[in-house]
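In what follows, chain A forms one complex with chain B and a second complex with chain C.
Moving on to the complex of A and B:
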């Protein structure tokens, strides 16, 4: 038997086999192994962060990762963006009948590996199987719980005029990788998704305490949407310098060829930090000393010009950075 | 615009519209409304319960509920089955392009109503849209967090020989309702899903503290799978009396007509409690005094006959209650 059958989602013997042979084998930990309806977890006293995302990316495998790596990193990163320490994840699989068991195993193995690298445990899960044609292969939902330190208050509403805006590295890598695979573009050999767990980097930033005002990962909608969301939540503006935006040459070239704006491309291993101007250079140095922040740059600053998010272009003119109206590329994550 | 477009899942302006006009409107609460990457939650000191399920039921609307009601009740009930007080849910939607916005609104409204009835808040969420044909309408994932009292230790591993087995009401109602709708059977007019949040009932049971050994809701796989799971986890057997099993006449008749065993049919508003023999009658009285337990019965007892789960039939013979091997009915929840 090398394919997923309807019975694997039926709650009977086949379900038990799949849980034992696949999920317990790779996600192995005492809480999950107890197979209760809900995981019982002891947490330190205080607040927690809680988030969820579903992952529907196509293709499921891409240079730099697969849907399983994305499902761990995306949820770990959403927790980290509140300044939380990610601890526990759930994993919900919706699988199409006939899906390859060996492909599932590869994805589950990647999830286990990525979770270990990020220091989180998958403690509860669920599998549903739908008939042939009722889903496109597999979708994964993860929800996550993180621990929030008492004094951390990181929020998209905390940007203040004079703050500096830092990006942790090159932009558009994930979006352009998926796009090039999807369209069969010939330059794809040089592209790789940036998909990575950012909680380690964020952990180092937390030493700056109240001076870290905002953290956000510019995924769907790209840097453009994220900057606009921060400005709207904080009731501020932004002025970004085009010449400061870190861009891989192959992403830059692809964008020029296709007429795309890298500010609208998705990222899966990058974060935008809005920090007090007084510590910006020190924060930048911490970024640049970390594996996932070595190409970090200060890309601009927060302004009092309410809700005007603008780009100073390389020729010195200014244009509005608009949030994209819809879907540049469906199923990017 | 009356249909879901790809752009509703794109992270841009259409996504914001959908969030504001639909999810914030119905799920309205301060934590969700802040639209952060993760919800920040203050919890009492101690342990929490954490669980997830995806919901793929077809048809999405049925007598007694819809996929939205199921998505709230199922996760609330999984938390309650650990003796936890459910508090916070996440909601992840995967929607097919072209899905009716008015149908989505009806489902979201039902979720909000059911969450309010169960006393839980939806504090974080996500929406993905996939192309026409890449999903069958809509799938919903919910994850949930509940608060565990310090002294509660309810687990599928806690059944002891001599314990009594209580079912909270009639069995097979949800499974037979979906089956009859799916097959267009003529007797469906009398059938209704039992889908309901059980945390209120469980809250009343918790007064019996350590005498409540196991709680489980017999969903996929039905009472048969649940009894086998408890027996396996607890390293015990079970002896169930067929004549004690509460069954609605129309479910009984339908099972006889179709040759189905009601022990294998799914339930979405029932629970099985394994309790100390000394308090069984008192616990039963509490069940019967509650809206969702008025048809409760003691259906058998836990035996030392390891892993043998048996039924004493109405003619006095004994047969094994086997776990179903696969999928009696796909997409039941």
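Moving on to the complex of A and C:
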């Protein structure tokens, strides 16, 4: 048997087999192994952070990762962006009948590996199998719980004029990787997705306590959307320097070719930090000392110019940074 | 910072000119550069820049969009095209909507990908909806030759290519503009050559500069046009690193082999004689219009949409009643708001 059958989601012997041979084998931990209807978790007193996200990426495998890695990193990163320490995840799978078991195993193995690297446990889960054509291969939902320290107050509403804006590395790598694979776009950018768990990096930033005002991961919508969201929530503006934006040459070239703005491309292993101006250089040094922050740069600062997110271009003029309008479509010529 | 100094130097020189002058940037990519780097705000008020009919998506007539949609609706057929075409509104729909409704519309980056799709789907008709100026026409010609070599009988091309020179003629013949010079396109000219534009100087007494796409190229061209005022009209080439006087002979030969000139309808300009390309009789097996009887129905345009006037340089995007209110990139009424090269989209995206 090498394919997922409807019976794998039916609750009978096939379901048990799948749970034992696949999910318990790789996700292996005492809470999950007990196979209760709900996980009972020990958490310290105080606040927790709680989030959920669904993953439907096409193609499911791409240079630098797969849908499983994305499903762990995405939820871990959302928790980390509130300054929480991610602890527990759930994993729900919706699988199309006929899905390859070896592909599922590859995805589950990657999830286990990524969860271990991020220091989180997958403590509860669910599998549903739907008929052929009712889903496109596989969808994954993960929810996550993280522990918040008492004094931590990180929020998109906390940016203040004079703060510095830091990005943890090169922008647009994930978006351009996926775009170059999707729809058979044949041009090859020789790129990898940046997909990575960022809670380790965030853990190191938390030593700056109240001086870290905002953390956000610029996923869908890219850096442009994230900066606009922060400016709107904080009722501030931003001035970003085009020459400071870290950009891989192949992303830059591909964007020019396709008529796309790298600020609109998704990232899956990058974060934007808004920090007090007084500590910006020290924070930057911590970024650059971490595996996922080596290419970090200060890219601009928060202004009092309400909601105006502007870019100082490489020739010294300014323009606004607008959010993208939906699906990114390459241009003609 | 080197670039900033060069640009500041050019602006300083341009500011020495106090004459009121109007220049048209013909090409959509120039419009993008101008908006993206805020060049309009750096120029003195006496220098006006007008956008011309140089965005291939924008000048595509509603009827041509409707034809593409009618093809997409044909059961079993695969329609392949450039991403930009998907959101362009036709009379009642767009290719994006048709795709959401179940039509098999696929984005490709070149005709070669469309050929690959045809090879992989031998039992289904595969159409390449081919749009663009002389920049994309040569690759369409090569693709059709390739299809013949591979004997791809399920493949054909819906050809709505347009050519630029006669559109400039039509624009000048309308007499509306009072232009003092053209900033001429870089990519198109790399194919057709800079000499093609000599008629502008000789017959209309208007100067032009073929320009590249960096801010320094566009500003450099503006300065060259300013310096040309008061002396005999001339076509100059600022983009010598790419554009030659005679263009690209191999590309021109391929176009000539597969296509022939035809009259073509342009949004805003109407039907312009000799401004389009159709597949000639030798290659008619690959002409989708000859192989399929597709009826798009009567085309309707939004009454308040000013795309036509904007493409002629008569109106600026902000002067359209729909701009930014009823017509936005998320909900475009006219094509100029759709294409990343469209002047409305460029003005909207980088509005100050």
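Remarks
Throughout what follows, the second predicted complex is superposed on the first by the 322 of 333 C-alpha atoms of A that agree within 3 Å, B and C clash if a C-alpha of one lies under 4 Å from a C-alpha of the other, contacts with A are read in each partner's own complex, and residues count from 1 in each chain.
The rule we apply is simple: a residue touches a chain if its C-beta (ideal position, glycine included) is under 8 Å from a C-beta of that chain, and two chains touch if they have at least 3 such contacts.
On a predicted model such as this, the values are computed, not experimentally measured, just so you know.
Contacts of A:314 after superposition: chain C is touched, whereas chain B is not reached.
By the touch criterion stated above, A:126 is placed in contact with chain B alone, chain C being left untouched.
More residues of chain A are touched by B (comparison of chain B with chain C).
Using the contact criterion defined above for the overlaid structures, shared-chain residue A:54 touches chain B, although it does not reach chain C. Looking at the shared chain after the overlay, A:259 reaches chain C, while chain B stays out of its contact range. Legend: residue contacts after superposition of the two complexes on their common chain; A:111 is shown touching neither chain B nor chain C.
When the two structures are aligned on the shared chain, A:325 is found in touch with chain B and with chain C.
Once the two complexes are laid over each other on the shared chain, residue contacts for A:76 go to neither chain B nor chain C.
In the superposed model, A:11 lies in contact with chain B only, and not with chain C. Overlap of the chain B and chain C interfaces on chain A comprises residues 325-327, 330-331. Put simply, chain C touches chain A in their complex at residues 1, 3-4, 7-8, 32, 35-39, 41-42, 56-57, 82-87, 96, 106-110, 112-113, 116-117, 131-133, 135-136, 187, 215-216, 328-330, 339-341, 348-352. Within the complex, the chain A residues that touch chain C are 183-187, 243, 258-260, 313-320, 322, 325-327, 329-333. Of all residues in chain B, those touching chain A in their complex are 5-7, 9-16, 34-43, 45-56, 77-79, 81-82, 84, 88, 90-94, 123-126, 128-131, 133-136, 139, 141, 143-146, 148, 155-157, 216-217, 219-222, 225, 229, 233, 266, 323-328, 330-331.
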